[in-house]
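These notes open a run of structures that come right after.
One chain, chain A, links the two complexes that follow: it is found with chain B in the first and with chain C in the second.
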Partner chain A sequence: MAPNGRRLSDYIRRLGNLEMNEGAFALILILPSVILTLGLILWPLANTFVMSLHESNLARPQRQDFVGFQHYIHFLGNRMFWETIGRTFYFTFVSVGIELVLGIAIAMLISAKLKGWRFLRTAVIIPWAVPTIVNGAIWRWIYNADYGALNGLLLQLGLIDKYIAWLVEPHRAMNLVILADVWHSAPFVVLIISAALVSLPVELYDAASIDGANGWQRFTRITLPLLRPAILVVLVIRTVEAFRVFDIIYIMTRGGPVNGTMVISYLTYQETFSYLHLGRGSALSFIVSAFIFLLALLYVKVLYTEDVAV
Partner chain B sequence: MSDKAKNFIWRAFLYFCMLILLLLIFAPLAWLFISSISTRAELLSVPPHWWPHEPTLQNYLDILAPTETTSRTARNFRYALTNSIIVSGTVTLVSLIVGSLAAYAFARLRFRFRRSALLAFVSLRMLPAISIVIPLYVVLRGAGLLNTRTALILVYLSFTLPFVIWIMTSFFQSIPMELEDAARVDGCSRLGALWRVIIPVSRPGLVATGVFAFLLAWDEFFFALLFTSTPDAKTVPVAIAEFTGRHAIDFSAQATGGVLAAIPPVILALIFQRYIVQGLTAGAIKG
Partner chain C sequence: MKTKRILGILTAIMMLSVLSLGVPASAQDEIVINVVGMDQAGMTPEELDEIARLFEEQNPGVRVETSYVLYDGLHDLLVTSISSEPPAFDVVLVDDIWYAEFVDAGWLLDVTDRITDEMREGIFEAAWDITTVNGRVYGMPWLLDQKYFFYNTRLLEEAGFEEPPRTWEEVEEMSRVMKEMGLVEYPMIWSWAQIEAVICDFVTLLYGNNAEFFDENNQPVFNSPEGVEVLEWMVRMIDEGLVNPASITSAEEDVRNVFSQGQAAFATNWVYMYDLTQDPEESQVVGEVGMALMPVFESALEEGILSATIDGSMGYSVTAGSEHPDEAWAFIEFLTSEPIQIEYSAHQLPIWEDAFESEDLIALNPVTVPMFAEQFPWSHVRPKVPYYNEASRIIQVAIQEALTHAATPQEALDNAVEQILEVAAEYED
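Entry: the complex of A and B
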């Protein structure tokens, strides 16, 4: 055993010292990632597509009948589907819009360096770090119709005269879920915009002040244009995340009431894992992926054409 | 109005905003904590007791030191904590190692398809879990891996790995090339230069990325919800969702679980605050 073992270690040492060409070395370094990615992402993705062309049931996944694009056609002609897409866009645009405006405002507030700004900067991180599910649970509890803090507070302040079932009216439920999402995600915008603000050139502001620009003019004419790259990045990341929202819907409303918060990810989940329609679920999830893929393309384009350096 | 007065009013307004903001940040968290130290009966009082008349740590004891009388859900929460720690920790370690190697190649070596491969990884990060979950479910079930931590670790790599590659590439790019060149002139092999020079220098980047990957894994809910149904592998987010039972919600237990689930990521985020901001911007901005 001993000589054999020595030979093996010799061999490994020689391999380590071996002067490889760059391409071979790169291949070795990348290979594990490529294999994992193929197995965990690309193969399942392709498989989802294949499944979406078949009729099959999660209870019997081996039995599959080819149906072509029938599932897609089913959904594309389905009113419920389009309403769900509409709600998903509503959630995405409203929550990302609010987060962006609020996030920039908070970042500006931090950069004003009032007393305690460091504390504020640190505090802002906390909602972002709280797990999504916990965030949903907190707000669901606050909105609770019978014992919730929101009802208690509003009643004690005399703003309402009896408890309100906040999550019962579909449209209001959606807006309240958005509010919970804003609490969790606006800090992300603050973090990125703050970092971008720090690196803005001070000289420009001095020059603008000398030229007599007031605070608002400095903000709209200098700060915002300079923040453009960071804003674009935040916008695309948050849009993608919001479009595939699932966790907070699951914990807060499960798509209800009366489909008021039914978004595309939740619909897919329901179709696949409650009704066990593998084929339809796959078709839906492939439609989601297509949307996200378009957004991702946009993202890559933004990243690589803006020549962003913050 | 003089400029001075205007300035004073403006600053007063800003302080007011700051106060409101801090209130909005901390009030929900405070309420979560207060709910966790309230008894079930007190939580159901109308109007709410903003501070419990009889604060109790019983909910925490139920989870951290369960006895025979504790509810099953509370008892299972402890397993969930263990599962979450093991899964998130392992995923972080594996994706850091595997991902950094690839990131190094992307940042430093010239090879064919370098740019397009990197772009592919960047866009893969965007894919929603739902678009890969069904085949993964079928395969894992076939392999008898449902309800195992192994399955979660494997599947979580699908989102931490592209993330690590993405962020570490920009970190490696920010390290001056001369460092490696010097090491190579001194007779280091490529692997040697990577191991002895680049890795030590990029420790801040590795730490930031690692913390980030950990947070991502700790937060994950969707895969865990679908792939686990017993205490053997259920993670914390799933356990918290389960306090919302079919018939009633155990609010105080859910609040306690929420506090325990939030503590590790919040502490990590506060400790590594600076790194996280750096990592976010490096990854998000430079790609």
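Entry: the complex of A and C
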């Protein structure tokens, strides 16, 4: 590419009869992407930030009072806000944790190439291919108190003696939403871990077998350490995604009962689009971004400071 | 060879460009009216589409594009799509409780001068309250609806009751008998999920206990002793298993499903449920559904309050920024015209007063038409305040707190009133 690029730059120089140095030429080349980045990322970000400092209501566009950091102070001193943040962390850690354990287990199962592994590999991906909205609708039907599949199954197995209204109790509702999310997202973990497993060197396992290591030892001493980069990638992506969870909540519970499944993204949506408080909504989204940024920072620190490459 | 090929390619390009020019040219002649309606209670999307086709036949050159959402998504869809310039929709369905907010924001076209004398006199007086804000009219009343009381006639007969209940105390007693006889596990189903539906049921019960929701100055007063009694009754009904516990996560459609399966003896819902319970494809209780005046509590009945229910009416409006306001208004006029309203009356009743004397309408709807006339005088509206959505959400959570024993009814309602006053203070200027 380099010779080609030089020839092209020479041609442009001759054409415009301009003495252009490498720097200016580079600038021209990156200009389109700089404009796109500014226009699509930085400008909206700055705009949102400015909005978060104002009392801004979509239904009252004539009033735009500057209030400084009042919205941030309002939320950071609000009990309901912290309960929502707590619930969001609970959702994030429990669902990502289960997904990770389950994902690695299924990936190991596939890589063991037992009978029917090809079928398993395909079948496992299906939930991930289902749109989140559809997934939410499916699980809402499964949990339905009067004609849901879960009640039908448990009743026929004799585990319950009458139908249960599953989503009525706030904490249980949260756990059941997590279950639905795990069903949907664990395949993603399987996918990434499976890909990493394929590329692991076979010699290490051969050597370990010769040295007399059993299966569990091979898993904990060889597989897991070698999988660490893949696990970190999965962790970062899934944590950020789970922290921003919205659609499955919107479809299944709308934050209820008693705000038992009210997570931070749903609260932001409610402030912004149901109450039309654009200022408060913007402030909330900045607070959410701050939390995600901190989480990402934590992961990046682990990712780059430790000897991950092995 | 080569020239031939190039010629061929050129011809193809020319043909394609002619084709691509042709499409927008024909579309430009047509005026497109974008309409958003509701896929829940009221006329079904199929019926509305049929009416739109009829309108297109009578108005060549105008095309009606319809879209439908569930009620609970409608408000948020509207505020994001009609606050833009130009708005995404020309004709929008607006709930009674949003008119104050939308007019305050300047999103709806003032149509006061477009209302003819014929409309003024022919349409129910109370219906105009829905679309009128500060003396100006912002739309045509559309869905004149209220919650009705439904009961399963077969279950009542099997339990030995001949008449439907008049008071909530009787409902409770009959429910207890039916539960003890094993006729039905949970005799009552309500829509008490954390959505607007729970407010509708709560307000119905409030006025049925001679309590008020908001007073005449739009101040929240539902934490009065009578108001607290209502919530205590709701909690007790759940605790005793007379109300289906799934009510706490149910919307109107869930109520319809449970009632249509024959799994509830009593339910409240909008008028659309009646017709659907008589459809064998949708229901297992065809011919076993009765409608009666919404019950009240005994103490209220003694004071001459025969019934109380919630008014859930809606209107169709033109957006202020619409590029085709005349065509949009013409479509609304067509949609709300008397012949159309009578023809499509299975799932919602006409807004025209004299239609209720028409033999056709009664023949089409022998149960719901007389019921409407009997129930409508007892219908209560929710307050027209610009912060209604926030207030509603606060009460929804308060009711659920009480139902799940996270707070006592008194605490929950006191707390809700306090929060609403805080929100209201923010809107004072």
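In this text, the second predicted complex is superposed on the first by the 255 of 310 C-alpha atoms of A that agree within 3 Å, B and C clash if a C-alpha of one lies under 4 Å from a C-alpha of the other, contacts with A are read in each partner's own complex, and residues count from 1 in each chain.
Everything that follows uses one rule, which is that a contact is a pair of C-beta atoms (placed from the backbone, for glycine too) under 8 Å apart; a residue touches a chain by one contact, two chains touch by 3 or more.
Here the structure is a predicted model, which is why all the values come from computation and not from measurement.
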Check your understanding: Once the shared chain is lined up, is A:Gly86 touching chain B (first), chain C (second), both, or neither of them?
Key -> neither
Exercise for review: Could you tell me if A:Pro32 is touching chain B, chain C, both of them or neither one (first, second, both, neither)?
Suggested key: first
Check your understanding: Between chain B (first) and chain C (second), which, if any, makes contact with A:Asn259: first, second, both or neither?
Key -> second
Practice item. Using the touch definition from the top, say if A:Phe273 reaches chain B (first), chain C (second), both or neither. Key: both
**Study point:** Touched partner set for A:Ala165, first chain B, second chain C, both or neither
**Key:** second
Exercise for review: Determine, under the contact definition given at the top, whether A:Tyr147 touches first (chain B), second (chain C), both, or neither.
Suggested key: both
Check your understanding: Does the superposition put A:Ser285 against chain B (first), chain C (second), both, or neither?
Key -> first
Review point. Touching A:Ile126 in the superposition: chain B (first), chain C (second), both, neither?
Key: first
**Study point:** Which superposed partner A:Pro201 touches (first chain B, second chain C, both, neither)
**Key:** neither
Exercise for review: Could you list which residues of chain A make contact with chain B in one structure and with chain C in the other?
Suggested key: 58, 61, 144, 146-147, 163, 269, 273
Practice item. Spell out the part of chain A that touches chain B in their complex, as residue ranges. Key: 16-20, 22-23, 25-27, 29-30, 32-34, 36-37, 40-41, 43-45, 47-48, 51, 58, 61, 106, 109, 112, 114, 116, 120, 122-134, 137-142, 144, 146-149, 152, 155-156, 163, 183, 188, 191-192, 194-196, 229-230, 233-234, 237, 240, 243-244, 246-247, 250-251, 265, 268-269, 272-273, 278, 281-282, 285-286, 288-289, 292-293, 295-297, 299-300, 303-304, 308-310
Review point. Where on chain C does chain A make contact in their complex?
Key: 72, 75-76, 79-80, 83, 101-102, 104-107, 185, 193-195, 244-246, 248-249, 254, 257-258, 261, 263, 386-387, 389-390, 393, 396-397, 400-401, 403-404, 406, 429
Exercise for review: Please name which positions on chain A make contact with chain C in the complex.
Suggested key: 58-61, 63, 144-147, 162-163, 165, 167-170, 173, 253-259, 269-270, 273-276
**Study point:** Residues of chain B touching chain A in the complex
**Key:** 11, 14-15, 17-18, 21-22, 24-26, 28-29, 31-32, 35, 43-48, 98-99, 101-102, 104-106, 109-112, 114, 117, 119, 121-124, 126-138, 154-155, 157-158, 161-162, 165, 189-192, 215, 218-219, 221-222, 225-226, 236-237, 240-241, 243-244, 251, 254-255, 258, 261-262, 265-266, 268-270, 273, 276-278, 280-281, 284-287
